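The structures come next, written out as structure tokens.
The same subunit A turns up in both complexes below, where it pairs with subunit B and then with subunit C.
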Partner chain A sequence: MQNPAIEYDYTVARWFSYLAILFGILGMGIGVWIAFELAFPELNYVGGEYTLFSRLRPIHTNVVAYGFTLSGIWATWYYVGQRVLKVSLAESKFLQGVAKLHFWLYFVTALLAVISLLARYTTSKEYAQFEWPLDILVVIIWVLWGISIFGLIGIRREKTLYISMWYYIATFLGVAMLYLFNNMEVPTYLVTGMGDPLHSVSMYAGTNDAMVQWWFGHNAVAFVFTVPIIAMIYYYLPKESGQPVYSYKLSLLSFWGLMFVYLWAGGHHLIYSTVPDWMQTMGSIFSVILILPSWGSALNMLLTMKGEWHQLKENPLIKFMVLASTFYMLSTLEGPIQSIKSVNALAHFTDWIPGHVHDGTLGWVGFMIIAAIMHMAPRFFKREIYSKKLLEMQFWLQTTGIVLYFSSMWIAGITQGMMWRAVDQYGNLAYSFIDTVTVLHPYYTLRGIGGLFYFIGLFMWAYNFYKTMKASRELEKEPAFASPMAA
Partner chain B sequence: MDIKLLQGVMYFGLIVFLTVVLYGYIFHLYRSEKRGERDYEKYGRMALDDELTSTPVEPIEEERKKESP
Partner chain C sequence: MFGWLERNPFFFAVGVFLVIAFAGLIEIVPDFAQQSRPVAGAKPYDLLRLAGRQVYIKESCNACHSQLIRPFKIETDRYGMYSLNGEYAYDRPFLWGSKRTGPDLHRVGNYRTSDWHANHMWDPTSVVPGSIMPAYKHLFTNETDLETAYAEALTVKKVFNVPYDKDLDGDGKIDVPLGTFEEAKQRAFQDALKIAEETKRKDLVDMVKAGKIPEVVALIAYMNGLK
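Here is the complex of A and B:
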């Protein structure tokens, strides 16, 4: 068989884990700050133009999506990829080099991205704000990741690709396609010889631009916040619990179902706008159908715990993952409900939308990345997890934070929507905009507090990870399933 | 035929086609397992037996090994 001296090479997985923690704290710290800005507007001006909501909001979304989440995705890819293909990165100096280059180029690009957004360089397309030189760097990073994926597949020992691999590959292909098409842009200086060299304009105009933008925007949620996170849960939950996935066939079916349906659902962002009506209707219909493959994966995960539910009580990592799966079910039910035209008429542009986004991102994406990194920590450092109690406290504090966040935004959003559409007996609007702002103030404050709870939880996570690395009891061998942790 | 109508018909046709493919896939999965051609559930072990020294669920026949002494 293979050379027993070779071991899995976790170097790059470790580096990306550090970055996920750092970007998590940075991105969500800004998120908490701007949440409080909405409740207490004077906070906008404490740092001049640099602390205005409009300047910080894109930094929050980009750092969380493309900093925290992508780092988490790559930390897990460089771990899971090797393990399910049964091949070590150390077996190919080339792939090892590509992985390191991938990390460093990403790190530099991420810093440049934050600086450029802070300096107000933006294409003004939501979630696609980076200007053209950064887009080129992103493409190079993506190609490096592709080389890493297909390179490792090329030297694998396991013939069949495990379901997580399918999801990582789909993430790679999906984002590549979306990013290229949505960021087709013309650098104005290169064409006209005038203006700022960093400025560009979209190659699409008007409604077409909106359609491409929301085809991208919604599928960025699909291929950054959903598909790779499913890749993670299909590996980490079975591995941590010691239970094989409940139904492998269901995992394959859900995969194709998700791929088939997700790409058509973006039209729901443009309901009651200038896009063709049939496209809006299709967006709604596909969003509702999307419940099926989403719940297919989530139920498959919950059923994996069948007969093993005592682990939920005993193991905080299982708690994180089971709740992640549950939040996935919640947000994939809530999203389709919001996509129904009549509901959308009430919900669109209200605070219910960020409420929906955050029960998905904080509950599903955040919890899954936290659990995955804490599962890897004992394997990275050959030490047990520093404190189970701290992990438990983090879980409950962050769960409370999420509940505060989404419940306050549900109430705020529906109140807001109802007030906007309320009319008196003559058809005049019953409320002015400022009336809604006054009513919503307590909910905005509650949202900020919920976010703060989650943010404090991130420091508990970082501390636990750091102490695991430095001060925890050493393990004689790598744990097989449940991660060992000190009380 | 009006281009908009044509687009609509093609879109609908594509959806029907993809739906048939998806259901065909379910049928294929269950039929090949029933006939004993393939056991899909064994692949679930790949996440659990994932040491470098674990025996692969389905090993790749490495040409390289045959070539090397």
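Here is the complex of A and C:
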């Protein structure tokens, strides 16, 4: 059981938490801005060429995925890792140093990444835009994290790896493999001695490049937005609720099932493209099969609350996590539906896709990271959470925001998809392309408002966290389960 | 077995890796060699077009425009012949995009002209009322980086055997000459002047004559070649 002698070292976990809040606000602030740009194009010119939609869009996706989410993942890793392995970072000066180096190198790389994207350095591949020198830095950061994981495992007291550890290890391995292969590129300056030293050209051409990119792109979603978030919920939900995980067997099935099935599903991004037909079909079929392990994890979490549903009413952190599981279920049902060929023919290239991405990222990833960091705050600072009421308000405001976001994007996507394929009585196309754009204005506006709600919620979160750190009532000892909070 | 794996992290990690690597191995590797073959008539990008393609990438045009026409009548009616695998053989990276906030551009060269593009990039609503695309006025003054484009062409020629300076169709003539940087540059300027004149914009013509190719001219050269 709990070893009272272990003093866990939360320094780096704390640093990454600050960064998650910072990057959350930055990345989603840009997101709200570009959402409104689509509704009101004059906003494109506010900052000259630097605020054009096309310039900001990759910055939005990268800051949210690799700024906010990775910071959240590492904040939780440097907290959960020690606790489930029953070993403190402070026991190894080496691992402590690696953790700090990991943080600082990551911070510097993230800043360079934003600057380079603003300066138009991009490889164009979605979620893999960074040019080769940044890729090398990313690899070093990843290796440092690997040392941290396996180093801590090496000196662990608890011999059996808890479920969260499975998922952290899988995140590490999955991203390493995907990132390396998708970013294979030849720096042109090194070959010719001419031109821009930062420029590179992809090792793969055309259809091959697309195959590798979406094998990567889809599974970047898997191994950044899904796998490590499951690692979190398997730790924080049982901990916050004081309930044991519902089923070990279900967690086994879900984990190994997810690992095996997820990688096949990348092909669903390439349906009706020029990749081989059998691969498109495989992508489609495996996407549908993917419902099983995804819902397995989500149901395992929801059933963990069995008999304890009154906590949902009493504890806002439980609200965040239960709704996160629910959005995970929604998102992992919606994705497979969009992967069915006939649905994909309608949905692909439309706003339904960003709609799908955002009910996953805002609802599942965002809510889980928010809950995890607020669960850790009382443990970091030995103080109770500053305001339960504020947390409640944040929850409802952000939930409303997500609902506005995805419902407007569903309507926009399906409307546009239907208009693209509409024909008149003679079989001619009924609408010009621009007709199908102007019709979206109200939905783009609504989406922006939904995003704005979520964004305001982030400030409530940041304020609550800051006040918890500075001005909240001090605790005598670390809370075991439910996080204490002031009304 | 699972209980044992959970107590032996090394074998656990190996197990996870094998399970996740499996799909990529089966899906991607078998078709790799076949998929990169060019269709008859496909040619590598000449210097100006390649430079224009780099501008397209730098500005992330692919964030809103696809280059992939799906094999449906409603798509071929709107955009032209559906896309073929071999047409992309010289696309590094591919630029299919994933979202059509604006229309597909894979065959935009068939139905738009240089002056249309110039007007459109200067003020999209002047040619497409209601357009939500922003203007890209900085492309009218930025100078095209021909040297980096040449470095890329030379790299793919050397490393991937992209057939520059070769007779592809057997008519005894070189199809896409590259040559030295000076030779390639000279041809790029000839092409650029022609396009600048087609745009009917004096500022663009003057800039080319003064020895600088505006980025928008390279971009138009690239888009005119998308057929």
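In the analysis below, the second predicted complex is superposed on the first by the 481 of 487 C-alpha atoms of A that agree within 3 Å, B and C clash if a C-alpha of one lies under 4 Å from a C-alpha of the other, contacts with A are read in each partner's own complex, and residues count from 1 in each chain.
FYI, contacts are C-beta pairs under 8 Å (C-beta built on N, C-alpha and C of every residue); 3 or more make two chains touch, one makes a residue touch a chain.
Everything numeric here is computed off the predicted structure, so don't read it as measured data.
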Exercise. Of the partners subunit B and subunit C, which touch A:86 in the superposed model: first, second, both, neither?
Worked result: first
Exercise. Can A:235 be said to touch subunit B (first), subunit C (second), both, or neither?
Worked result: first
Exercise. After lining up the shared chain so the two structures overlap, which partner does A:160 touch, if you call subunit B first and subunit C second: first, second, both or neither?
Worked result: both
Exercise. Touching A:252 in the superposition: subunit B (first), subunit C (second), both, neither?
Worked result: both
Exercise. When the two structures are overlaid on chain A, which partner does A:244 contact: first (subunit B), second (subunit C), both, or neither?
Worked result: first
Exercise. Which partner does A:260 contact after superposing on A: first (subunit B), second (subunit C), both, neither?
Worked result: both
Exercise. A:8 contacts which: subunit B (first), subunit C (second), both, neither?
Worked result: first
Exercise. Which partner reaches more residues of subunit A, subunit B or subunit C?
Worked result: C
For this session: Figure out whether A:210 sits in contact with subunit B (first) or subunit C (second), or with both, or with neither.
Result: second
For this session: Return first, second, both or neither, reflecting whether A:319 touches subunit B, subunit C, both chains, or no partner chain.
Result: neither
Problem set entry | Set intersection of subunit A contacts, subunit C complex versus subunit B complex | 159-160, 252, 256, 260, 282
Seminar exercise, completed: Listed in rising order, subunit B residues that touch subunit A in their complex are 8, 11, 18, 22, 25-26, 29-30, 33, 40-48, 50-60, 62
Exercise. Subunit B touches which residues of subunit A in the complex?
Worked result: 1-2, 4, 6-8, 83-84, 86-88, 156-160, 162-164, 234-235, 238-239, 242, 244-245, 247-249, 252-253, 256-257, 260, 278, 282, 478, 481
Problem set entry | Contact footprint of subunit A on subunit C as seen in their complex | 2-3, 6-7, 9, 12-13, 16-17, 19-24, 27-28, 31-32, 35-36, 54, 57-64, 66, 68, 70-72, 74, 77-78, 83-85, 87-103, 128-136, 138, 145, 147-152, 154-156, 158-160, 181
Exercise. Given the complex with subunit C, which residues does subunit A contribute to the contact?
Worked result: 37-38, 41, 44-45, 48-49, 52-55, 57-58, 120-126, 150, 153, 159-161, 166, 169-170, 173-174, 177, 181, 186, 188-189, 191-192, 194-196, 199, 201-213, 215, 252, 256, 259-260, 262-264, 266-267, 269, 272-276, 279, 282, 286, 345, 348-351, 353-354, 420-421, 423, 428-429, 433-434, 437-438
